[in-house]
Amino acid sequence: MLGFSVLILLPLLTALFCYLIKNLRVQYSISVFVGFLHLTLTFIVFLGLYHIQLPTFFSFDSLSKLFLLILSNVYFWVVLVSNTYLKRHVTSKAQEGKKYYFLLLNFYLASNSAAMLSDHFGMYWVTVEMTTLSVAPLIYYYRNEEALEAMWKYLFVVSVGIAFAFIGILFLTLSANGTSLQGKQLFFWEFIRSAKELNPIWLKASFIFIFVGLSTKIGIAPMHSGDIDATSNAPSPIAALMSGSLRLTALIGVMRIFEIIIPTSSYEFARTILIIGGLLSLFTAFVFMFKVNNYKRMLAYSSVEHLGLITLGIATGGIAFVGAMYHAIYNAITKIVLFLSAGNIHSKFKTREVEKVKNVMNILPKTGWLFLLAFLAISGIPPFGIFFSEIKIFEGIFFLDNPLLLAFVMIFLLFIFINMGKIFFMMLYKKEENETTTTQFEGFDIIHLVSILLLIILVAIAVSSPDVIYQNILNVAKDFGITLK
Amino acid sequence: MNSLLNSDNILFTSAFAIQFISIAFLFIKDQHKALFAANTVLLIGLTLGLFSTISSALFSSAEISLQSIFFNFIRLDELGTFFLFIIQLVAIPTTIYNFSYLSHYIEENRSIKSFVIFYVLLLISTQFIVIANQAILFLVSWEIMSITGYLGMMLEKEKEEVQKGSFYYFAASHVLIFILYIMFFLLHQQTGSWFFSDYHLSFSTGIVVPIIFILSFIGFGIKAGFMPFHFWLPQAHPIAPTVLSAFLSGVIIKMGIYGILRTYLFIKPVPEWAGWFILIVSIISAIFGVWYALAQHDIKRLLAYHSIENIGIIGIGIGIGFIGSANNLPAVEVLGFGGALLHTLNHAIFKSLLFIGSGVVYQNLGTRNIELMGGIVHRAKYIAILFLIGSVAISGVPPFNGFISEFIIYTGFFKTANELKNFYPILMLMFVVGLAFVGGLAVACFTKVNSIMFLGSERKAVKHFYTSIYDYISLGIFALLCIVIGFYPQPFVGIVNKVIVSNFVSSHPSSALINIDWLFFTIIFSIIALGIFFLFLLKGKLEKKFGKRTSPAWGCGYENINPRMQYTASSFADELNEISKSVLVYHKKVEVSNTAFPLPSKFESHSNDFVDSKIVLPSYKFLSFLVMKIKFLSQTDIRYYIGFILIIITIYSLIAFLW
Amino acid sequence: MENVLSILFSLSLFYVSVTSRVKGYVAVLRFQGLILSVLVLLPFLKNFSIFGIILPITLLLVKVILIPSYINKIILDLDIKRVIEPTIQQIVFLLLVIATMIVIFISSSVIAQSTELNVIPFASGFSAIAIGIYIIIFRKKLIVHVCGFLVLENGIFLFGTAVASELPMMIELGVLLDVFVVVFLMGIALNKIRSTFEGFEVTDLGRLKD
Amino acid sequence: MDILQGIISVLIILGFAPLFIGLVNKQKAKLTGRIGAPILQPYYELQRLFKKETINANTSSFISRFSPLLNFVSLITAAAMLPVGFWKPLISFNGDIILFAYILGLSRFFQILAAMDIGSSFEGMGAAREATFALFAEPIFFFTIGSISFISGYTSLFDIYHSIQLDNISYEVFIVICSISVFMLAVTECSRMPVDDPNTHLELTMIHEVMILDNSGLDLFLYQYSSYIKLFIYTILEISFFYPFSQQSYLVGILIFVFGSLVLSLALAVVETITSRYKMKNIPQYLLFATAIGILNLLIYTFTK
């Protein structure tokens, strides 16, 4: 019960508390404290030092352990920098956005943890809807037209998508008709245990609906649009949260249903659908990297790309699955750094357009370097982690699937890389004739500190590749019926 | 396998450690001190490394047993050691040049610390590439090499051209790493291992190995700069800081050669078409590389194109070696690979010499355009002499090292023709003529460079020409190496022969390489040198007797000649460029006014790279044009978002039904 | 009994697809909410349990009273034009709806042979989903979008009862709560949109593009 | 004994090079109906230059003092590789054919540099032409002598000529045509008509002469002498084709040498009398023509054999 209270109830209470106490400083400190507690507990559980009992509808398995760790890791750092971020000047209208900031953050944490931990489709659905509700007002933080539009679109599209996911869940119950599952409730493990009995037609249908519905939240093309708008207009910490953890919260649902399908005859079909989705996302990112002229949208598209890559990895299975899991970790961490640096740049230049941002390397040297390093990390340059996870995914696709697919993936990635690079270097190095070349001084605040720490963590995980993570990922793979030699 | 703590291992590992430690010294506040300390420590590390390399594998027979330290991730076979030798040999004088080069930047109070960090990392990762025995380690060090090279190029990051050129390098290196992924996946698939020492494939088994060969040639060829994969090279090398472009041209593009040879070791013996393939690509690279070089005015760009030419010559050697291994002729193999390896060493030496020399000039004149130089010999005689040595060497003219390696390759041609009769002689003769043609072009090009840069009178007034002792030291070392290898090639040929005999030629090694009458060269060249010396003394005496003075040059009756009347680089090369206008994309713009009071007339000529301006950029533009056409995804209306959900669900359901 | 209610439900769908007044939508929502609450009340009538009563009552509360009146309130506050101008003619829309419903009914009756499910609620629930989507796609007013979304939700609910899912009551309540909060948030957003943009047309939201 | 013969032959070349040029000029004069200078005129020229004071352009550098020496020495070295009267040359080893070509290249390299060293546009013109035409002349050498070496399999000039057997007809034809292209090569390299006119002093039409425009005294002496030697070297390359007629008897060899050089001087004189200088831009065609002869010839030979 303790674990449950720390993981879910405590954030809820904190949210309530933040509603009562208006003082931002107090809100901040208590939220950080809660985030820290959450992180420590998750970490302890992840290490397997401590097993906690959860009430019905909730349970731990290796997958939720892993994703919960990612979530609470992202959340902790984001909350840590939030205060500094809130201190920044925003328009007077946006002042009121600050009031609900921590409230919503805590609510976000609670709902996300619940969604990750829930082992019942109904509960999962409810909590996922809650995550949407928690994050939508945060998107509206800036209180301007773009933010409003983004929030509306996100809220509406995702709600519709989630509704479709619900239909999928109902189909799942249909598929259970006339089997031993008849009359039992919608627990994952029940279904996984007796997946072979399920009616394939309804199973396929439910997979399609759940995958497409949740895609609006994961950002799998062509349902990515609402996600892009939201991520690009939300304040940077929120954007980091969304790219890092919220998408995974949705992904976990798809993985559950996929896990159910794997032993059945519809496995091939589901794989194909996932691969199509992943490729479409890569293609979308590939297309929009040519057009995009707003650096936060660019980062959002990069999230689409990487989630697509993860989906491909999951679909391919084998070593690629392991790669995908690693990729989820690395992508989450790297995205934080990218979005935080982007936030610094935004607060300096007051614009999100690439053309208007120039010579960052000299004007904001520290941020500039962090931005550059994060770019190298996200585009898979060693020693940063994504290099290794990408290699695993490529290898998997190459050996388990056909190399032609790999060729496509590589071509897409290559051009995404080239165009992203062009944009990044335009921002970092390009300068006007009369502009200064002498580097100006940039204050060192907690955002830089956090970014540096995260990059170090990234390299550390990648290079040392701790056995506990590997074992956990292997367990996840085992749940998905994947055995590695 | 001797004990872990033998002197070799300690020396070797400590060398790397010291090189790495040098970064720590950059925390010293004062940039001058920091640079001096870091550079010195780095030098110590490199020198130690060089000693350990020389002592370990090349001369003595003691093998470094690092396997036991790094779990077989690292191995020093002869090939790797030879390239390690090259890297360290080039790195030492280049690092010495750092002292003077970077101090220029410090005086412009520009921060050079990050550059030094990247430089050190570049050196270390490059050394790791050649000793890596495991695919992932290899790829990691390869990527780090590329990326640190890129970051180092960004020293003058505010310049437009720097951003452009370095980005070419960046993109190209990313392309090739993907190709290498696939290649290593294939190797892994074939052998089930990630370790180089387990890769023994034979061409006969199916289609896979040929694919591996092609991939390796493309992937590593991009790095090496074979045409038509060279397009990034003339963009990147000119804009890099001189130290870096010396190292890039001297060593890093050789990593491509290393890769190709390494892959050859995995899949030898190769069939004959592979040899011909490489021969033809290489001769094209050689001829057009030097021809492009002839059309350039930017000295570093010109040198970059010469790197392409020399890579071509190396490739020719490799091609002969392949043909030898295909027909199982150890003699041909030895000559071909020997020429290639020795030329790799030589090119590393004289190309770095030339780049550093041009860097010294650039530092003082502030331009890379040779049309604005001239008369430097009157300012800095010894720089001119050292540069001249490099030029003679790179033109493959005796008595310096360039000639030696080209001679080996020629001998390889003759050998091939002898061993395999019928139509081989005429084909080989074609290549001989091609190589001779390349030599002629190189002579034309470097006479142009030297005369326009150093000789004559100053086209653009030079206030003061500042040279530091470090310039002379680093250039001097390189020049000395050129001369030594030229006059006394035996030991170096011996090293190369050892490498080949132990790694390449499996069956009954031949001694064709050593049996060339090297003694003759030593004798002849020394006779020439002595003869010139004695004539010089004699001439001095006679001039005392009959008198000697200087007078203004004869202007054909025209009295006041001014520097702008000198022959320019473009006019020197004009006739040759005219011949190959279309390939060179060579444009001339002449503006002569025929008015009564003529205005000053203009003339300018420039040459774009064919592959870059006619293939790479257009295709990228075309692609982006196509992509821009794709509109349906970029809808802003929420109803379309919902519509997409509906559509995609229908499509998936259709798939489900058809399944 | 269920079938009768489901048919009434489907009739309401026809009405919603022809009406051109926003109030009409609200009325339909009320009506559908009523039907649904009766539907969930039916099992309660058979065997009485104190817990059984909670769900119908909350359903009634949320779907019949709260949400519709809330939407009415929004309409009044923001004095939205009461008539909607559709993007396609009503008749075409109606034809589309009818065609869809025919297809859905036939296909579901075909499906019903393989797996046992009561066809009418299933089909009408499904058609409600489809028509909700249609409303969203073919109408311009954001408020109408909200109504469309609610129709879709109702459809899902009916559908859920049809496939005899054993969703525990707690979850059902959670779903209801979620739906309510979503609508609530949308209402707030509409308020803001009113104060920020000039109109309520979806075409006004076109700022975010590449 | 070989060493001695080698030294003697080098001395012969050094000694008779001016005589040969004198011979050519004399015959040319006769053919054009002039009396002409005495045959020994070149010797007088050299002697005169030897005594003159050395004047350097004040824009020039160490290059133009160094280049004549190197030019002279490298030409002597090249000469030391040639068989005279079928004596084994001083320098003869496998692959000396390449060294021979590249030594000439070395001398060219520095001559061009020296010309550019003056910084005057006239020398520049000459240097540019020299570089260009030399580039096209190089293949001819390899297509003639090189082809023989490839066919015979020897890589030393002496052995190459040694290997020539005039037994089958196609080989004879081959050799004869080779000798023709070598003659054209000689004409180019030694800057005679129709490529270059050694006698005019109109800079715009000259190649070799214009490059040494600013040299005088000892430098000019060395340049002139080396140009004489160069011509004689190519003459010997030409003559050596006919050694096979001497079955290893030195007497016949020497006879062939003397006779051959006479014939060749006559030939040169005739050519210079009847032909006029080509346009500068036509010279590459002329050289490519020679190359084409070489290639065609080689093809014919390899496929008729």
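Order of writing sets the labels: A, B, C and D. Residues in every chain begin at 1.
Basically, contacts are C-beta pairs under 8 Å (C-beta built on N, C-alpha and C of every residue); 3 or more make two chains touch, one makes a residue touch a chain.
Note that the structure is a prediction, hence the values are computed from the model and not measured.
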{"item": "Pair of chains with maximal C-beta contact number", "value": "B-D"}
{"item": "Interchain centroid distance [CA atoms averaged], chain A/chain B, Å", "value": "44"}
{"item": "Centroid distance [mean C-alpha coordinates] between chain D and chain C, Å", "value": "102"}
{"item": "Geometric centre distance via CA averages, chain C-chain B, whole Å", "value": "71"}
{"item": "Between chain B and chain D, centroid-to-centroid distance (C-alpha), Å", "value": "36"}
{"item": "Interface hub residues of chain C, defined as touching at least two other chains", "value": "133, 136, 145, 205, 207-208, 210"}
{"item": "Per-residue multi-chain contacts in chain B, two or more chains", "value": "634, 638, 642"}
{"item": "Two or more partner chains touched - positions in chain D", "value": "none"}
{"item": "All touching chain pairs, where touch follows the definition stated at the start", "value": "A-B, A-C, B-C, B-D"}
{"item": "Complex contact set, residues of chain D against chain B", "value": "50-63, 66, 69-70, 72-74, 76-77, 91, 93-96, 98-99, 101-103, 105-106, 108-109, 112-113, 116-125, 127-129, 131-132, 134-135, 138-139, 141-143, 146-147, 149-151, 153, 155, 203, 213-214, 217-218, 281, 284, 298-299, 302"}
{"item": "Footprint of chain C on chain B - complex, ascending", "value": "634, 636-639, 642-643, 646"}
{"item": "Chain A-facing residues of chain B, complex", "value": "111, 136, 139-140, 143-144, 147, 154, 157-158, 163, 167, 170-171, 174-175, 178, 181-182, 185, 188-189, 623-624, 627-628, 630, 633-635, 638, 640-642, 644-645, 648-649, 652-653, 655-656, 659"}
{"item": "Residues on chain C engaged by chain B in the complex (per definition of touch)", "value": "133, 136-138, 145, 202-203, 205-210"}
{"item": "Residue ranges of chain C touching chain A (in the complex, touch as defined)", "value": "111, 114-117, 129, 133, 136, 142, 145, 149, 152-153, 156, 159-160, 163-168, 171, 174-175, 177-178, 181-182, 185-186, 189, 192-193, 196-197, 205, 207-208, 210"}
